[in-house]
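Both complexes shown next keep subunit A, but they swap its partner, so subunit B is in the first and subunit C is in the second.
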Partner chain A sequence: MIRSMIIIIGFIVLAPFIGGLLEGIDRKISARMQRRVGPPITQPFMDVAKLFNKEFLSVNKQQLFLLLAHLFFVVFAGSMFFIGSDLLMVFFSLSTAAMFMVMAASSTHTPYTGVGTMRELMQMMCCEPMELLTAVGFYLASGMAKTGIEKSFLVSDLIHSNVSAIMYLPGFFIGFVFILTIKFRKSPFDLSTSHHAHQEVVKGITAEFSGGAYAITEIAEWYEEVMLLAVVGLFIVNSNPISYLVAALVVIFVYFLEILIDNTSARVKWDLMFKITWGVIIVFGGINLFLLENVSSFMKFFQ
Partner chain B sequence: MKSFHKSPWLIHYDASSCNGCDIEVLACTMPRFDVERFGIINTGNPMHADIFCVTGGVNDQNKDVVKQIYDQIPEPKVVLAIGTCACTGGIFKECYNILGGVDQVIPVDVYVPGCAARPESIIDGVVKALSLYQEKHEKMVKEGRGLPEDPALDED
Partner chain C sequence: MASMVACLICVPLIFAGIIACISNDKVRGYVVYVGGVVIMGLVVATVYKYAVASSMFSKLEPITFELPYNEVFNMATIAGDVILMIVIVYLSFKWRKYWISIFSIVQTGIVLWVEFMGPEVEEKASIRFDNLTMIMILIIGFVGCLIGIYAVGYLRGYHVHHKEYKDRRRFFLSMVFVFYAAMFGLVTTQNVMWLECFWEVTSVCSFLLIGYTRTDEAITNSFRALWMNLVGGLGFAVVILIGAYKFSTFDLFDIISLNVANFKGGQGDYIQLALLQSVCLAMLAFAAISKTAQFPFSKWLLGAMVAPTPSSALLHSATMVKAGVYLLIRISPYLYGTYTGKMVYMVGGFTFFAASFLAISQSDGKKVLAYSTISNLGLMVMCCGVGTESSRWAAIFLMIFHAISKSMCFQAVGAIENTTGSRDIEDMQGLMKRLPKLGLILLIGMSGMYLAPFGMLISKWAALKTVVDSSNALLVIFICFGSASTMFYWTKWMSKILGPQEQSQKDVTEKGEYISMFCHAAMALASVLGMIIISDKIVNKYVISTIVSDSVEGATAMSNSNLRMMLFMVLAVFVVPFITYLMSKGVDSKKVTGYMNGINVGDNKHFVDAFGEEKELHVSNWYLENMFGEKKLFTPSVIIGLVFICAMLCTVIGNLIGGGVI
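On to the complex of A and B.
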């Protein structure tokens, strides 16, 4: 109990720092890729501090509440994950958080947020199946790695398996990394809102959030980023302590890959995003799931 | 707060510029001048902006647009008139539809002269704008405006 409390407090305090620094590094690397100098890596913190000092402009009063609810559920999902709770619950809270974001944006009824909200829903339709499949994949893999032991959705059980989950779930890993591009709002899938100025729907879903409200969405994004990268790490982690080091390296590599994709691709239309994402999910996730199911039944047959 | 000096976000609006000044504003964000190294971002959204950069003189058709963008920027905000046209109407001053400089419709804080204004002078203008921004923020805090419990919000 006390251990969980410490982990939750640690997550609440440290995650924004890690997330903010990651974003700062992202902006620096992106700038270097474009042969610019780029801002200092502490820039995201200065941006957020400034935003909190701006006037709070909003057309209604629900917006702030809904955004705080968004932040709460993202933090809740992250805390659940790090105390080793149920992976399905984690992803469900994340979807709830996303719904609050959509509600906060659509409460303003402006054209740009309207378009942004529609696109956000499309993005959710692309991400969510893979998130659920990932949870299911971990569940099935946990049953295979530790023969004779119950299958489990609990993160605390998953990290004690004797084989890294990626050995059973390479397709799921590819699918999950693929949807991270959508989750991190990176090109080519930064449809609903973009970190860059070249956005055809102004700022899409975040267009109506001014000052502190926008700062809250930024902070929520940092929490979410840390949590999702931790899920990437979960694919690698096993009972061997060295695997944590490998997981950290893989996470860094995946993050770099996202930055590279962001800087080398142009935004696609929503229908193409839909086709590509579902294609990847069905081909990699689906085949992996099929093999996993059949291999386990074969193994049962021969036991 | 020191953070203002390091995170000014711009919104750029082309009133009736010949595009000369617009290209110079965009040139500021390119690798040669790279204003992002000072934390300056060209955001397309007035709700997120701190500094309003207007190029070109204001005409009859877009004076309301300029006013509306100005109103949508949350306090504190600073207006930058970039180029001779934005300062006074410039070469277009005598046109039948031009009202004159941007200061005819909204209060301007910093004038950046030049036809076209050089990227260096635009960056200088932004730096000038930042100290004004700081002053305006202090004034805003003193008057207690801009906080979520602002009674103006209760109208709904």
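On to the complex of A and C.
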């Protein structure tokens, strides 16, 4: 109980720092890729601090409490993940969080937010199957690693497996990394809102958030980023302590990959995004799932 | 106990008769209210008696008994069958749909033949009562009767709006009460002859309710509903034939569990016995699939929305389609691992998947609800087809939560239509501000349908887990992708009703309607909060009692620690927005207009167009007609569903003829 409390507090305090720092590094690397100097690494923190000092302009004041609820559920999902609870629950509360964001945006009823909201829903629809499949994959993999062990959705059980989950879930890993591009709002899939205000539908879903309200979305994004990268790490982690080091390296590599993709690809239209994403999920996730299910029934047969 | 069940069947019929005779609108309304309350009271009394008899629901054996005047009931079901046949034949000749009468004549002919010319069969108690029966009568009694109470006020408003239709409210309301009687009979009996009769009554009642307005569309749709359900009902005729001539019993549970004492086959011919049982199971599954409007039968339920909203609410939530789910849950233990079970879960899984896509392209509120019903029923059918204990657990909870939430959604949409004159989602902009009470009801109903952590989602999670455990990769994919599109169509509707809208509207919804809707909201909350208790005390006990030897697995699909965490999330979903609302209340903000490239007029609803004139702005949802439109997806879905059904029927029948070769 006390351990869980410490982890939750640690997550609440540390995650925004890590998230903000990652974004700072992201901006620096992106700048270097484009032969610019780029802002200092601490720039995201300064941006957010400035946002909090601005006057709060709002089209509809409802959005503030909806955004706070959004933040709460993102933090809730992250905390549950790190204290080792059910992976499906984590993803479900993440979708609940996303829903509050959509509510906050659509409560303004303005054209750019309207487009952004619909695109955001489309993005959610693209990611959701893979998130659920990932949880299912971990569940199946947990039953494969040791014979005679109860399968589990609990993160606390998954990290004690004696084989890294990625050994059983290579397809799931590819699919999950693929949807991270959507989740991190990176080009080619930054349709609902882009990190660059001048580029796509005037920042789409966040167009009408200003000042503190916008700062809240930024902070929520940092929390979410840390949590999703931790899921990437979960693919690698096993009962061997060295695996944590490997996991950290893989996470860093994946994050770099996302930055690279962001800087080298052009934004696509939403229907193409939909087709590509679901195609990738079905091909990689689906085939991996079929193999897993059949192999496990084989193993049952031989036992 | 016996007299209580007899009352449950007879009292609604008496009220139906009284209501049919009262022409004064006001008096009739009060009679309906009284009838609803009386039936709810009867349900509570029955449940109380059952609780005593089963030592607080913990008895694993079902209670079986005869009704008082059992012979009278027996004759009444036969007479009922004949009357239904006459009604169907008369109406199908009147509206020139002659061919539909054939189904009814064949079915009733078989029943009469078996009853009067058939062999002597073993007499058995006709009523069977267990925890599932109790859950069903609670759903029918409370959700159903509240819909009846709602209907009184709704129909008044309906006829103000629709002067073109003949006022046949007497008929409508009395049919609703007949429906209750048939449903109570259906879920309590274990005699297939009775079951067939009640099953037929629900088919005909829904046919009459759908055709209420007597427009061309209503007549076409009502006859479609009729023939699809009659085709399904033929499955019962086959079961009755096999039961009478081969198994010498009319007891449903003896037939499906092969508990047959006087088998009329070769001595110890176990193979033939098993084959006949598999035919019975397939026939019952077929009847249930047509009732639950799975693909290929989905069209009848979509057509049913031409009728006034209370009938849709009734068909979609408490009655009709739930009869199909009920039957499937009953036969589910015997479907485990069989080919029939496989086809049933394929039909269900596919329907869940396909219908949730079709819902995306609809902007008519009632049609979205209809597709969502079909889709969720698919999930229940799928769980029943899988046939493990935990999948039955999931199916029962899906059924409970779906009944409450869907009824609430339909009532809210109906009341909105009566008030604003439209049920199109695009016209619901800012409903929370315009009609706050109706908006809230709709919001709770919709949250109940899909949002973490409400009941539907918990059950869906349980369904996913059981499917993963039973190694069905394709079903896992159906659930994952279907969930994604479910999220899409609900969220976009929900975001519509939360938007801004200044002018408020006069609410014409009557008190009776609000009472019904708020009772539903209370039930929705109570069922989520009480889920652990319901699961522990009632559903688990039922599920354990149905364990058949060869499906071995733990009974709980959801551990209590998970349920507790869910409970915490339920509270969080209510409490957190409330707290954050209070927090943000004191924050100063400067009101500004939204960003429109500087062509704002001064509010957020108008802009300056290219000619310098003021134009109204409308931010519309996406319906993606080109991708998920009915034109594109409906026919292929029907064909795929048909393939599964044909595969199921051909295999079992072929097997029987071939003597178990396949």
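Methods note: the second predicted complex is superposed on the first by the 300 of 303 C-alpha atoms of A that agree within 3 Å, B and C clash if a C-alpha of one lies under 4 Å from a C-alpha of the other, contacts with A are read in each partner's own complex, and residues count from 1 in each chain.
Just so it is clear, a residue touches a chain if its C-beta (ideal position, glycine included) is under 8 Å from a C-beta of that chain, and two chains touch if they have at least 3 such contacts.
Just so we're clear, the structure is a prediction, and the values are computed from it rather than from any experiment.
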Which partner does A:64 contact after superposing on A: first (subunit B), second (subunit C), both, neither? both
Classify the contacts of A:117 with the two partner chains as first (subunit B alone), second (subunit C alone), both, or neither. second
Once chain A of both complexes is superposed, is A:7 in touch with subunit B (first), subunit C (second), both, or neither? neither
Does subunit B (first) or subunit C (second) touch A:50, or do both, or does neither? first
Contacts of A:214 with subunit B and subunit C, given as first, second, both or neither: first
Looking at A:37 after the superposition, I want to know if it touches subunit B, subunit C, both of them or none. Which is it: first, second, both, neither? first
So in the superposed three-chain picture, is A:129 touching just subunit B, just subunit C, both, or none of them (first/second/both/neither)? second
In the superposition, subunit B vs subunit C on subunit A residues touched: C
For A:202, decide between first (touching subunit B), second (touching subunit C), both and neither. both
Common interface residues of subunit A with subunit B and subunit C? 55-58, 60-61, 64, 202, 207-208, 212
Inside the complex, what are the residues of subunit B that reach subunit A? 1, 3-4, 6-7, 9, 29, 31, 34, 36-39, 41-45, 47-48, 50, 72, 74-76, 137, 140, 145-148, 150, 153-154, 156
If we count contacts the way the header does, which residues on subunit C are in touch with subunit A in the complex? 429-430, 451-453, 457, 461, 464-465, 468-469, 471-473, 476-477, 479-481, 483-485, 487-488, 491-492, 494-496, 498-500, 562, 565-566, 569, 572-573, 576-577, 580-581, 583-584, 587-596, 604-605, 617, 619-622, 627
For subunit A, which residues are in contact with subunit C within the complex? 55-62, 64-66, 68-69, 72-73, 76, 85-86, 88-89, 92-93, 95-96, 99-100, 102-103, 105-114, 117-118, 121-122, 124-126, 128-130, 132-133, 136, 139-140, 151, 153, 202, 207-208, 212, 271, 274, 278, 282, 286, 289-290, 292-294, 296-297
Would you mind writing out the residues of subunit A in touch with subunit B in their complex? 27, 31, 34-40, 43, 45-47, 49-50, 53-58, 60-61, 64, 197, 199, 202-203, 206-212, 214
